[in-house]
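The structure under discussion appears below in the form of structure tokens.
Labels A, B, C and D are assigned to the chains in the order they are written; within every chain, residues are numbered from 1.
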Amino acid sequence: MLDKEIIEKMLKVANEAEDNAFIFKSNHSFGAAVLTDDGEIYGGCNVDGVISGMGTCAESSALNHAVVHGKYNIKAILVVDEKEFIFPCGTCLQYLVQFYQTTNKEIEVISAKQSGEYQSKLLHELLPEAYHSVTFDQKLKSFINK
Amino acid sequence: MLDKEIIEKMLKVANEAEDNAFIFKSNHSFGAAVLTDDGEIYGGCNVDGVISGMGTCAESSALNHAVVHGKYNIKAILVVDEKEFIFPCGTCLQYLVQFYQTTNKEIEVISAKQSGEYQSKLLHELLPEAYHSVTFDQKLKSFINK
Amino acid sequence: MLDKEIIEKMLKVANEAEDNAFIFKSNHSFGAAVLTDDGEIYGGCNVDGVISGMGTCAESSALNHAVVHGKYNIKAILVVDEKEFIFPCGTCLQYLVQFYQTTNKEIEVISAKQSGEYQSKLLHELLPEAYHSVTFDQKLKSFINK
Amino acid sequence: MLDKEIIEKMLKVANEAEDNAFIFKSNHSFGAAVLTDDGEIYGGCNVDGVISGMGTCAESSALNHAVVHGKYNIKAILVVDEKEFIFPCGTCLQYLVQFYQTTNKEIEVISAKQSGEYQSKLLHELLPEAYHSVTFDQKLKSFINK
């Protein structure tokens, strides 16, 4: 499990991202941060969609933020809510599985409150029967050395 | 219309982002860049999804990248393909409409090849009967001063 | 263009589907109907998503309804709104392109009010620079004889 | 848990739906069936998307199929794969939570092979930290009597 110092850094990035959430429908802002294998942290926030099926969660936004910088090796993800312990939704958990398949290393998933309290679980505790692609497994693994 | 110098800067960002595309299913990488009202440029690349309905286009990734930095005021978007002039898909065009509703200023959409050739159109030329939200219009507009 | 009689049949199916819309976030119900090459009509309604990126539009729901019955040969789609002429969003237009690629025949897109008034356009008028897959073109075409 | 007879009926519907899967990218067809509180069964199949983020899983397609018929009271869902036990992906599990919130009754999730073998789990075993909407809870519950 990650030590407190790095989680506090992630929380800071997630809190800053949350301030930028583009919400007009849900009235619920979220911030997230991903930690990559080389110690970089990328933030994400949620975006509502006018249209059903449009928009993104903070966690997926943070993952895409890492990808834009060429990082696919995700060690941990943190999501922050004002007052409650909230873990990533099923969609974001399944999205994380793509990154898990790249490295084959379990991903730590941290739920934090703005106050700094947090809980930590493993990706496969949260999605025990996750779908793993057999067809694309080798291609996913090829990103570890990219 | 934007002048050539700024488009070349956008193209550079889009090309760099394209190199980071997380693709394993489509074999087609895309890069994109958005230009905000204050002159900042944010890149994006596509991400395939193992699951149908998962993943993102380069253009939406670039828009979310701008949002994470608190930018909702999108002036232009550029998408680059290796050899063809490709414009954003319908989903990304509709997503752009949310940003259009924020500023009420037409968004320029540029299709570029890696060679540097480009074509330019306006968002509403590409999606002439776009859906504009009446319900959320005021909330969307509130982001202009955020 | 379709004659009035068939459009009225489509409108009836779309109106019935709209009554079943699963909405709790947008407060805006939509109904849709698709007409297949063999004269069948399938309805669809919108579903809101608690999560950003979840849920479906009425038009995509109607298309999936046709697919479940083994129909990929879409001749026309109609969307109904209570009082306004609304055309499918960019996402649904792009989704329609997959069905267009299967048959290579232009798809008629009808916007109707509950009162029965309607307007008709062609798919490529609504999405003039639609993305057409080169990679999957032959596989899409193979569904015409399925 | 459901008895074998009803599961066999669901499997039959899911197998028929699977034959209609609109796939051209993943080469992996899935079929699904949902059982509603009044004993009706609705099928669904997966649809690939040319564009990342487009397309649907069989399970979501089956749920939307039920909704079009005005059914929100989902008792169980079954997904069938040719040879493996596969459970719904995280997105479909999260989508199921919307229907769970409507009835407040646990949903049974069945993974079946075409041969007829099956395994059964509960929704919250598969997504133990699922996101439940507080904001929309009452509106979701209102669909139980619709």
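Note that in this section contacts are C-beta pairs under 8 Å (C-beta built on N, C-alpha and C of every residue); 3 or more make two chains touch, one makes a residue touch a chain.
Everything numeric in this text was worked out from a predicted model, so none of it was measured.
Trainee: Going by the average position of its CA atoms, which chain sits the greatest distance from subunit A?
Mentor: Most remote chain from subunit A, centroid-wise, comes out as C.
Trainee: Going by the touch criterion at the top, tell me which pair is linked by more C-beta contacts: C-D or A-D.
Mentor: Result of the comparison of C-D and A-D: C-D.
Trainee: Could you work out how far the Cα centre of subunit B sits from that of subunit D, in whole Å?
Mentor: 34
Trainee: Measure off the straight-line distance from the CA centroid of subunit A to the CA centroid of subunit D, and report it in whole Å.
Mentor: 25
Trainee: Of all the residues in subunit C, which ones touch at least 2 other chains?
Mentor: 25-26, 47-49, 51, 54, 56, 60, 89, 91, 94-95, 97, 131
Trainee: Would you mind writing out the residues of subunit D in touch with subunit C in their complex?
Mentor: Touch list, subunit D to subunit C: 17, 19-22, 24-25, 43-45, 47, 49-51, 54, 56, 60-62, 64-65, 67-70, 72, 91, 94-95, 97-98, 101, 131, 133, 136, 139-140, 142-143.
Trainee: Would you pull the subunit A residues touching subunit D in the complex into a rising list?
Mentor: 26-28, 86-87, 89-95, 97, 111, 121, 125-131, 135
Trainee: Going by the contact rule at the top, pick out the subunit A residues touching subunit C in the complex.
Mentor: 25-26, 46-49, 51-57, 60, 89, 91
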